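Everything below concerns the one structure shown next.
Going by the order they are written in, the chains are A, B and C; count residues from 1 in each one.
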Amino acid sequence: MPAYATNMRLKFPILALILEIITIILFAVFVVYDDGKGHGHNDHNATHHEEKPMDLYPMFQDVHVMIFIGFGFLMTFLKRYGFSSVGINLLLAAFGLQWGLLMQGLWHLDDGKIKVNIFKIINADFSTATVLISFGAVLGKTSPVQLLIMTILEITLFSINEHLVASVLKANDVGASMIIHAFGAYFGLAVARVLYRPGLRNGHENDGSVYHSDLFAMIGTVFLWMFWPSFNSAIAEPGYTQLMAVVNTYLSLAACVLSAYAVSSLVEHKGKLDMVHIQNATLAGGVAVGTCADMNIEPFGAMLIGLVAGIVSTLGFKFLTPILASNLGIQDTCGVHNLHGMPGVLGGLAGIVAVAMGKKEGGNPAMQAAALASSLGFALVGGVITGFIMKLPFWGQPPDQNCFDDSLYWEVPEDEEENEESLAQADHSKNKAEA
Amino acid sequence: MPAYATNMRLKFPILALILEIITIILFAVFVVYDDGKGHGHNDHNATHHEEKPMDLYPMFQDVHVMIFIGFGFLMTFLKRYGFSSVGINLLLAAFGLQWGLLMQGLWHLDDGKIKVNIFKIINADFSTATVLISFGAVLGKTSPVQLLIMTILEITLFSINEHLVASVLKANDVGASMIIHAFGAYFGLAVARVLYRPGLRNGHENDGSVYHSDLFAMIGTVFLWMFWPSFNSAIAEPGYTQLMAVVNTYLSLAACVLSAYAVSSLVEHKGKLDMVHIQNATLAGGVAVGTCADMNIEPFGAMLIGLVAGIVSTLGFKFLTPILASNLGIQDTCGVHNLHGMPGVLGGLAGIVAVAMGKKEGGNPAMQAAALASSLGFALVGGVITGFIMKLPFWGQPPDQNCFDDSLYWEVPEDEEENEESLAQADHSKNKAEA
Amino acid sequence: MPAYATNMRLKFPILALILEIITIILFAVFVVYDDGKGHGHNDHNATHHEEKPMDLYPMFQDVHVMIFIGFGFLMTFLKRYGFSSVGINLLLAAFGLQWGLLMQGLWHLDDGKIKVNIFKIINADFSTATVLISFGAVLGKTSPVQLLIMTILEITLFSINEHLVASVLKANDVGASMIIHAFGAYFGLAVARVLYRPGLRNGHENDGSVYHSDLFAMIGTVFLWMFWPSFNSAIAEPGYTQLMAVVNTYLSLAACVLSAYAVSSLVEHKGKLDMVHIQNATLAGGVAVGTCADMNIEPFGAMLIGLVAGIVSTLGFKFLTPILASNLGIQDTCGVHNLHGMPGVLGGLAGIVAVAMGKKEGGNPAMQAAALASSLGFALVGGVITGFIMKLPFWGQPPDQNCFDDSLYWEVPEDEEENEESLAQADHSKNKAEA
């Protein structure tokens, strides 16, 4: 790939500014503040409208932290890709929340307007989570321009599928195991498949962590882990249902930690723990309990879901990810299949079972199954199409040798480059060269 | 110690999974959601039951952050032990909160059931704090298996002492200076005494920080410092009493920062500040004001407590910790005696004085004194017994030379090991070896 | 400058302890808990008094995180100045909030007392923000003693100007674009001008970042970015006005990210992104929308403000900061002029326009303009005077060669010093010396 292709000088600023200006125009036409005087003739608005406008604000901030600190730092585990991880995460989420607010809002117009309130901005944040999950699958192998394009397409498709699941099928998915986690993961995996790079078959020297990058990643892990009860309960029915969603998620995550640690030690050399598992599989319990979070599955039921999710996720990292890469051409940088994909499907299946067992008033297991199928279908088809669009040659995709390297798209401080680069291999050669 | 002893391959996964499965069974038998229909015949449930089920949720999340980010990152100051600090912290707290919920709940059954609500999960988080404090005393010198055993025993004893203090003695300890901080510290010190390692008398090359590890630790410090008002007020009487607990803690911590910085500069070479003091002693004001936090001690009273705590804690780090190690055989890795032990006792004493001065309606200074004595007694006796159990030879305790080193229990990225290890000493020797 | 001048051994501890003791005495005389029984004859107390004493607590904690994590870590971008950035930030804010509570409270006495509640401690935290902004301008070039003196003087002047703006002029500045951001920035720039160091004209080897220090700084950036809606709405009228302030800030910040990224790429070599812009200019939208946050400017209006702020701020970093340093003798370490100065003035101007357009009931554009002029006037005059006081030779100001270096005021771990120092330049010379 020729060098100029990765020069972002014109294409990135122009795309970013045009998108933002279009968005502002759409906001000028469609978006107003919620002043509490809506007609509420809409299920979406009527059911979830908090009594006082700021009641959900603390939960919104927890979700906000998950999106910007949680996802952003979780991906800083790569030794030379921290700027992109946390920086591009901020870019995509900042654009995505605006786009999501529009796309989701169009289904719930009130007098022709989208009335913004805390509930709506929680959902806008949620919509960006799909993109950030998919970002994990293609991390290090895509340009900011490609990723902005993915953001528009994925959030648009997400909003259609969400509307289908919630308003047409009337399926339950309070913690979004299906419509966010499974959707985002399989969308990202489909994109990764289309963008398959044979040149990375044997790995890449920068596709790994250093000691401190693993600690930065743990900031992301722990904030995601702590605030996941807010993610799964933010849009639950207020009161005791919301409490149930909090308790289920809290306990599922706690149980998941034990099984993730146990299995990590079991499958690793000399029983050691593997940071990749700890950073990711400990969170699978939050994903898997999402659909059932507001169902009466009992505390021990939530813990069983978490226990299984931790096992499945850790085994996936150890055994499945390498197979996906070598046999199916799916190079999944962050292992989103193990953290979001399989646990998301597990969550959808658990939801079908729980609804069939009558754990949710008014639930319908067939609709739950349809919701899971719809989410997977939209993800795979949408991901493949998006992947082909992203593959067009003028979006500045990095050449193989520059993958997982911030310095292609960022000014990187010189001495540190020298530091990290030189330490392992170039130390004495440099000395020689300078001598 | 033979090499196989530290191989965790079977003993750790089996222990972790068995503990989790037993816990899930106990949850299936005992734990249900709080549905707001409890009989409330129980003081514990009646007094503190929030009016709306989610009212305490934001405070719970603050406490949650203190437990998982605060304690976890505070201990990352060691140069080669960050994975264990934040990772084992997550493991112990995730198991501990489940065990704590059971142990504390058994004293407050409602129709034979433990009804989980936000108040209960705050207390479950609290119970893990005792273990995390003790973990600080033995940091770097114990295996995950030993620490899981400590978690079970310590939380069980904590729950007995807490019940004694709160329900039998009816003593006040809203911010838990006595029942968490002093208890956790002296428990940990007793364990450390039993596990005394003469081989570490002259220090260990990894028992220290590097520049960036000290910055990671400051993440822990600052989150603990900021959210301490929530820790001390979360279970206070709602309304103006809770506000008083917030204000007292906010001001005590602010005053404590000034005295900790001042004394650090006073006792160090050329008046420089010492990161160990700043990371720890600035928090002593939160510990020491705990017992009195919901008493009418006036804002300046809270500040005086913070001022004294900052001085005592900093002097303890400088002068007492070395003496404890060399003369009493108590090797206190994080100096928990200075952050939790002495300030906790100070808090207990301040509580006796404040109650004697009539600052708390219905308080009884003799019961306060008995609560302090009980907490110290349970801690010391429990800690010694626990220490001897942990000393049994088959729990995988690390040999002296592998203390303070993640690589014994974790897969550690290779280049960074090389990086940190080689820089100071092995640089040219390596070059020679490769030449 | 002779060596003894920077020895803090006596002057720092004595100053810190005396200040704290004086503060405690003033608290003993003036400060009591708010017990909800105030007379409320005071506008300040009457308007903003929350109905339930803890209603504002979650917002307070968001602001608290911005002050201590946000500002503290934002400044850790310097390679060798992280201890000071986060540590001195903690010191100044801990003292500043006490001093601010007194200074602001004196204007709103109730029966001769300052009655502390959540509203008051939010404002106390706010008052420290001015100092932390000014700290950014002189970062790396001042001693802790100088900075404590700056804290007293700046917060005192801030409180006078705030009273003038809010109570005398009755101008609107809910998010404090004028009274905190513009004030803090121009105060700091005036101080920096007085403390001009010709010896740093050609830069300093430590006045830059390394890879991991830039990631630490992003922790600060992202926490500031996320919680800015709380900063701008915390003291807004509860209910829908507060919601409007949240929504405006949320959207302004999101739009600002897009324009900051676009312009950064546009002006940098090969279209790369510059961490300095990303860490700072992405926040300008929060500053600039501050004054208008609770005005009915419509969502797209907020986004336009954010869009412009991101452009102005990024261009400022690229083109204006070097000119200020070389032509005007204003060495602005963190570029506070670009993050707080120009966006703050922009916010003030936007406020004048919005009020003139009738977007705020009862607003008066002339009073808005007077508020902006007053804030700038107090800042510049106060900053110059404060600068001259700080320039007195006995406050331990660092010599030029020791600027931007923690080791002057902190015990710094040895091996890391070696690490960072030696890597770029001293590697083979050291090998030679040891050979």
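Just so it is clear, contacts are C-beta pairs under 8 Å (C-beta built on N, C-alpha and C of every residue); 3 or more make two chains touch, one makes a residue touch a chain.
The chain lineup, named per UniProt: A, B, C = Ammonium transporter Rh type A.
Predicted model only: the values in this text are computed from it and were never measured.
Novice: If chain A and chain C share one sequence, what is the angle of the rotation that overlays their CA atoms, in steps of 5 degrees?
Specialist: Rounded to the nearest 5 degrees, it is 120.
Novice: Over half shared or under half: which fits the residue numbers at the contact of copies chain A and chain B, same or different?
Specialist: different
Novice: Between chain A and chain B, tell me the centre distance in angstrom, where each centre is the average of that chain's C-alpha atoms.
Specialist: Measuring from centre to centre gives 33 Å for this pair.
Novice: Out of chain B, which residues touch more than one other chain, so two or more?
Specialist: In chain B, the residues touching two or more other chains are 58, 212, 219, 427, 431.
Novice: Can you list the chain B residues touching chain C in their complex?
Specialist: 58-59, 62, 79, 208-212, 214-215, 218-219, 222-223, 225-227, 230, 238-240, 242-244, 246-247, 250-251, 253-255, 257-259, 261-263, 265-266, 268-275, 278, 282, 296, 298-300, 303-304, 307, 423-424, 427-428, 431
Novice: Which of the residues in chain A end up touching chain C in this complex?
Specialist: So the residues of chain A in touch with chain C come to 7-14, 16-17, 19-21, 23-25, 27-28, 31-36, 52-54, 57-58, 61, 64-65, 68-69, 72-73, 76, 80, 82-83, 86-87, 90-91, 94-95, 97-98, 116-118, 121, 144, 212, 216, 219, 409-413, 415-420, 422, 427, 431, 434-435.
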